[in-house]
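Right, I'll just put the structure down here and ask away after.
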Amino acid sequence: MISFSVDFWYAGIGAALIALSLLAFLLSKRLLKKLLAFNIMGSGVFLMMVGMAQTQNDGAADAVPQALVLTGIVVAVSATALALVVIRRFALASVVAALAAENKAAENDAAENDAAEKNGAERTGSDTAVSDTTVTDTALTDPNLNKNGDPQ
Amino acid sequence: MMPLLLIIPLAWAILCILLPQRWLSLTIRAGLLLQVGAALLLTADVYVNGPIEYALGDWQAPLGIALIADGVSVTLISLSAVVALFVAFYAQSYLQRYEHEQTYFWPLFWFLLASLNGIWLAGDLFNLYVGLELLGLAAVGMVTLTGEKPALHAALRYLYAALLGSLAYLAGVAILYGAYGTLAIPQLGELLDANITTFVAIGLISIGLLLKTAIFPFHYWLPPAHGGALAPVSALLSALVVKASFYILARVWLDMASEINSHVVLYSAAQGLGVLGAGAILWGSWQAYKAAQVKMLVAYSTVAQLGYLMLLFPLAIGTTAVAAGLAWQGAMLHLLAHGFAKAAMFMSVGTLVLAIGHGKVNDLAGVSHRIPISLFAFGLSAVSIMGLPPSGGFNAKWLLLQSAMASQQWWWFILLVVGGLLTAAYVFRVFRISFVEKATHEFSSTSSTLDFTALALAAIAIAMGFFSQWPLSLLQSSGFQGGGL
Amino acid sequence: MIAFDILLGLGMLLAAAGVFWSADLFRAIVMFVVFGVLLALAWLRLQAPDLALAEAAIGAGLTGVLLLDTLSVLRAKKTAAGKLPPVDQQLLNTFTSTRACAAQNNHGKGHENLRFLAVGLLSLGILIALQAALFMRPEAAVNLPSMVAEGIPDAGIEHPITAVLLNFRSYDTLLEVAVLLVAVIIGLSLRIPSNSNEQQAPSSALIGARQAAYAGVISEDGGNDPILRNFTQRLIPLVLVTGGYILWAGSTMPGGAFQAGALIAAAGVIARLAGYNIASRVDQLLRFGLVLGFLVFLTVAASVMFGGRPFLNYPDGWAGSLIFFIEAMLTFSIGLTLLSLFVHSPGDGAEPNAKSSQRSVKSGSTVGSDNGVGNRPPGNSGKAEADHD
Amino acid sequence: MMPEFTFWLPVVVVGTSLLAALIIFALPEAQQRTRSVLNIGAAVVKLAIVAYMVQLIMAGDIAETRFEIVPGIDFLLRADALSMLFAGLSSVLWLFTTLYAIGYLEGSPHRSRFFGFFSLCVASTMGIALAGNLFTFLIFFEMLTLSTYPLVVHRGTEASLKAGRTYLRYTLSGGAVLLTAVALFYGLFGAEAAEFTEAGGFQTLGEGSEVSLWLTILFFMFIAGLGVKAALVPLHGWLPVAMVAPAPVSALLHAVAVVKAGAFGIVRVVYNVYGIEFAWQLGVLLPLAILAAITILWGSLQALRQIELKKRLAYSTVSQVSYIVLGVCLFGPIGTIGGLVHLLHQGIMKVTLFFCAGNYAETLGIHRIDELDGTGKRMPLTSIAFTIGAFGMIGVPPTAGFISKWYLASGAFAAGMNWAVLVLIISSMLNAAYFLPILYRLWFKPQKQPWPDEQIAAARFETHGLLLWPVVATAVFSIAAGLFAAHAFSPLTWATLISVREYLP
Amino acid sequence: MSLLLTIVQTILIGTGVLFFLVGSIGLLRFPDTYTRIHALTKADNLGLGMLVVGLLPFANSPQQALKILLCWVLILAASSVSAYLVANKLQNEEPDA
């Protein structure tokens, strides 16, 4: 059992932050919101680490958890930066892919109506790898393989 | 001598960043051979005079960080060194068509290897956290290499799962430090007593590590990530990366908490882990059977095979010493055999997809006589994955069966037998199609190194069926025996 | 002081709640920065000045800037996509939040609050578990702070935190710098390869699309704003001097490589926002600069082994100066790494060889768009963030 | 103890064909000559080693390879009398089948893949024969399944893939049951009991109800696991379907390797694990005998209904193999001799019949029995061989079949199981019922319509040399095994030598 | 002497805090962005000036006093520049508003 002290209070706040941000992490649908939730949860864990450690031997400042938390903050920043980089590239890839699909669909329509004249109907877009992706393709099950046979 | 295993990969990571392209392939090969040499030297050292403890920076354990090399960690170091060797050779010829990816694949490869060696050797909880983080980020980086939309989407899901997992793990470590004042695993092993704080801490650590090992309810991120990545990347991820967090889980449950794990709370939790494993086996096999893409099939098979590893906990905790010893050896042998076989499987599937250009299972028609060696490698690795003799997988399944009988837990016995059949169901899907006479696609030629590296790893998995005595006797001399002995 | 602590604690919880429950992402990020500042105060109350400095510089500062930058790029993507040739509504909903899609399918509502209930219970359970673990913790058997105090004299550094970071547990720091290096390598690998041998077949429409996607971002007029320029000219030298001071003070007082590195990165960010051509200079020394700190740390740690000492040990007497040398190199590399994560992230048009575009002040533009929120096109397709759950 | 090298002898036997398999896999398709040389070379070398080991056994010495594979369990290859019986049979027939296969597959695609898996099958059969304990037996038993699947689906047509699927379903689930049984056995009784000892490990076990209950359950699980391969009635579904495979595959695998492996497994379990006396005391032999009897009758009845030649032969195999199982259950040395010797005789005769069916299909394109009219004149030698094989099946005196049926019947009398004799008589009559009409068509019916698709013209001999001479050789063997039964090296004397050691002195 | 100083100090810090309060109320009450910037920059800077002057006598070393002054100067410069930038940006967005 431990008496009420500053460290204990902040450790408790850290625990509350963890619970709150876990709630937000699981409920939010947006990637950036999830990332914020992750950062705040990290801060909560750090608070708990330093707070709880410093409730031992009557509240003296303990250098070890503080050093660990410093490492933790730097790791959190690099993880967040990485996540942001991937999100940006994913947004860009989505726009490019969506536009490619949209242009491909346009090309196919053009191809179909001239094919209709030569009544060579068989050249529907089944063979071109990209054409079968509907615009809101679920990215997972139906990868739009690109022309030179790169596996998805 | 032991820190060599950490210095070599880190130094080579820097070399791969700095060196120009043309010297790269030579230095990589040199680094790989050095790594395998160091791993074998350490293995011999531990085999001769038992576990070694190495205080980093000459500071003793609770204050400084200690590296512990016992039978288990040394076997895993040799596993990762050998698998990395073959995957690297495979990657060198596989990535020739991807110059952009190639420049960034190698630094991440070496950082991944460094973090793996760090995790196998670590004796300190926070050190494991930083190792896990480095491993996770390097793995996510590798998944994003192709820069295509599905790969990026999968990488994002993987990143979020990995980050959530390591945060849960860190919370557990924070509580343990707050309660006991030390982070060194052996010291914690003595100090731990069965109270609420310890249970909550171990619970959080377990949830975090289950998330990172993609065990059944948390496996959603693995198939798209492993299925969508480049072949050498998914081989590394499935064979080694997923095993690191399982290894930590095993060390926490069976080494650190060995005194208190017969407590009713931990005993029932161990049974719970077993149920998760059973869920993983059934769900993974079912999804693999349904998968349309061949890479997704292999990725779901990883989810299923990880379920077998989870059987270690119910079989080793709260059971007789004999049963625990057998369970421990069975789980570690399964980890080794699956490491080799799954890497070979992903590499051979990668070659097949590269040659055909299309990834669906029924695009593989007529493969058997056009790319026979890759299919043969796939076959051999499939034998080990199915747990049919003569393979490492079979011996592991045999040991787990014996342990299940010794501890009178018949339900795991039935699960193991049925699991083997389920695996056969989805593996033979690929075989049935590959023997079809008429090919639906034309095949482009692939270099032979791709086939022979996959074949070599598959052959090792099969050879372990006959020579599994060496790794097992090495495990015998390991510091901890899985709670029982 | 108790009142202050309670207020600060509740303030932090409110700020966190503000982050999660604000619909607009920009407001969430601002609340996040506020949370960072409050957290820095909390670290002070926990007698951890190092952490307060680090949290303020890295946690709230740099992360906030990165988040805002990503948000503006994502929104630009949206408007860029908007400006493209006739693109129907269906194309845009690749970006609408799946909640919108969930609402479209009929049982969205029921499914929604069932999920809310389950997750609520889960987090409540975790809260209770954590509090119980905190409240019922046993007395620690090992007194590590006393061990640290004993170890300080021959650790070559007075300040305990830097001693732990760079001597007792220096292996952790080595791996941590490796983590930073991995993050920046992935950042570089995800840049759009400037020679753009983009795997997608460069059909004309596609190239047009990609150019347009960037156009949306670069079109804003440059930031060669006279006031900002000379304010920056005076501010940056000051920031660099403070960074050097913090690095130097690290051995005796709170400070050290990471905080100093963050300050240097902040100086770089301000220079970049003020339109100075940082990107090209960052590239020249990029590869070597990023790796320098880690390389020095590893060589010092490994070369010691030839003298028969264990890995990561410092020859006695040399510890202080060696650590400072490593810290200086680390500061330079960390500053460059954090700056590169900001400068080189993909999609912000800052192609390595492209002329560094003049960009209006980041914070200014986003606040401005705040009241632009009112006249958003119908349906919330305006939210640009790539939100796939 | 002979010098060290007998340690390596069994491994070399298994190793030769493993090595041959690996080399053949690597051989490109074009090098047809090197592949055939390699094949035949490996078969001859193996035959030589087996002959040497037989000679060793006669001198009373046992060659054995043993090393610890899993803690507490050894990988044991031991060449004792019984294993030499099966090893001898398969190595002899393997040589002939290789020759026949080279002739049969002339010009067809993917032969290196075929011969690779072919020699892999050889290796696993040798492993099964030489296995010294249940664990090693299980390893090679499963290996046999894996290596035969590609042969069944070799043609790649839809039918063969379907056949492969059913084959897998049966054999893999059988394998799973066997794995469970072996694991339980090792768990309950430890590794020593699982070693194959001459007179079985359980002579003197007390009547503890707990143990004997477990033992009976395990016995029937063993029988279920092995029964799939031995094609006992409820589990025989895969055999007729697998007839889709090319002739050498159905001849060798479904007449010799796979089916015999199952029967051999049952023999091992009854004699060398349980011991015949203990099994008799346990009372498990009677239900097994009844099951065998049912299979015999059921197989013969089904054979009557078939119109395709290979299907009819397949069902006759199903019934013939159960003779061996019946022989095993007849408690008494004579019954055992009958069972064991039938193991050999049935192998030789069935291979002859399948070779003839293959010849008819390959040369004249005949698949159904009603197309056989007048083939006697067109292909005299093959038809003679077929007649000898058929007579052997029925049990007509000069052939080997007669010897085994004679011993089976006398064994049944000795063991007092008279109903078994009745079963033997009825089945012989049924054999006659489905073989004699074929012989009648062969010799006495004129050729009605032209041959379905005559590929090989009737040159100096009726068909391709490599197809003809193996058939003639095996036919001669089945006659010789009957006539010179008392000869020192004949299957009969070898079977008597084994059965004497099985029973307690 | 020290009593006088503490009185002066409490007055100064009191008014400083008051100015901060006024600035915050201004932020909440004013209709649009332009007016809000005024409230924030002017009131808070003045409040800060009061605080700094209030704290100066208690600085335990001249360096620390200089540091506090440096803080004040920096905050003044930063807040005014950012106010200008916000206004400038707003101007570009909607010139007519």
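A, B, C, D and E label the chains in the order they appear, each numbered from 1.
What we mean here is this: contacts are C-beta pairs under 8 Å (C-beta built on N, C-alpha and C of every residue); 3 or more make two chains touch, one makes a residue touch a chain.
From a predicted model like this one, the values you see are computed outputs, not experimental measurements.
Colleague: Spell out the chains that contact subunit B while also contacting subunit C.
Modeller: A chain counts here if it touches both subunit B and subunit C, which gives A.
Colleague: Trace the shortest chain of touching neighbours from subunit D to subunit E and give its length in steps.
Modeller: Tracing touching chains, the least step count from subunit D to subunit E comes to 3.
Colleague: Which chain lies the greatest distance away from subunit A when centres are computed from Cα atoms alone?
Modeller: It is D.
Colleague: Pick the pair with more C-beta contacts: C-E or A-C?
Modeller: Looking at contacts between chains, A-C has the larger number.
Colleague: If you average the CA coordinates per chain, which chain's centre is most distant from that of subunit B?
Modeller: It is E whose centre lies farthest from that of subunit B.
Colleague: Kindly work out which chain lies most centrally, taking the average of its C-alpha atoms as its position.
Modeller: Looking at where each chain's C-alpha mean falls, the closest to the middle is B.
Colleague: Take the average of all CA coordinates in subunit A, do the same for subunit E, and state the distance between these two points in whole angstrom.
Modeller: Computed from C-alpha means, the inter-chain centre distance equals 39 Å.
Colleague: Taking each chain's centre as the mean position of its Cα atoms, how many Å separate subunit A from subunit C?
Modeller: Taking the average C-alpha coordinate of subunit A and of subunit C, the gap between them is 15 Å.
Colleague: Distance from the CA centroid of subunit B to that of subunit E, rounded to the nearest Å?
Modeller: Roughly 58 Å, centre to centre.
Colleague: List the centre-to-centre spacing of subunit B and subunit D in whole Å, with centres computed as mean CA coordinates.
Modeller: The computed centroid separation for subunit B versus subunit D comes out at 42 Å.
Colleague: For subunit D, write out the residues touching at least two other chains, lowest number first.
Modeller: Not one residue in subunit D touches at least two other chains.
Colleague: For subunit A, jot down the residues that touch at least 2 other chains.
Modeller: 11, 18, 31, 48, 51-52, 55-56, 64, 68, 71, 75, 78-79, 82, 86-87, 89-90, 94, 97, 139, 146, 150
Colleague: At least two partner chains per residue is the criterion; list those residues in subunit E.
Modeller: none
Colleague: Sort out which chains touch which and give me every pair.
Modeller: Chain pairs that touch: A-B, A-C, B-C, B-D, C-E.
Colleague: Residues of subunit C touching subunit B in their complex?
Modeller: 129-130, 132-134, 136-138, 140-144, 147-148, 151, 167-172, 174-176, 178-179, 181-183, 185-186, 188-190, 193, 197, 199, 287-288, 290-291, 294-295, 298, 302, 305, 309-314, 388
Colleague: Show which residues of subunit D lie in contact with subunit B when the two form their complex.
Modeller: Going by the criterion above, the answer is residues 25, 29, 67-71, 75, 109-110, 113, 135, 138-140, 142-143, 145-146, 149-150, 153-157, 161, 164-165, 168, 172-173, 175-176, 179-180, 183-184, 186-188.
Colleague: Which subunit C residues qualify as touching subunit E in the complex?
Modeller: 221, 225, 227-228, 231, 234-235, 238, 360-361, 363-365, 367-372
Colleague: Going by the contact rule at the top, pick out the subunit C residues touching subunit A in the complex.
Modeller: 1, 5-6, 9, 12-13, 16-17, 19-20, 25, 28-29, 32, 35, 39, 42-43, 45-48, 50-51, 54-55, 58-59, 62-63, 66-67, 69-71, 73-74, 77, 80-81, 84, 87, 90-91, 93-95, 97-99, 102, 115-116, 119-120, 122-124, 126-127, 130-131, 134-137, 139-140, 143-146, 148, 160-161, 163-165, 168-169, 172-173, 176, 179-180, 182-184, 186-187, 190, 192, 199-201, 203, 205-206, 209-210, 213, 256, 258, 334, 338, 341, 345-348, 383-389
Colleague: Residue numbers of subunit B touching subunit C in their complex, please.
Modeller: 3, 6-7, 10-11, 13-14, 17-18, 54-59, 62-65, 100-101, 103-104, 107-108, 111, 114-115, 118, 126-127, 130-131, 133-134, 137-138, 140-141, 144-148, 153, 156, 171, 175, 178-182, 187, 191, 193, 195-197, 200-201, 203
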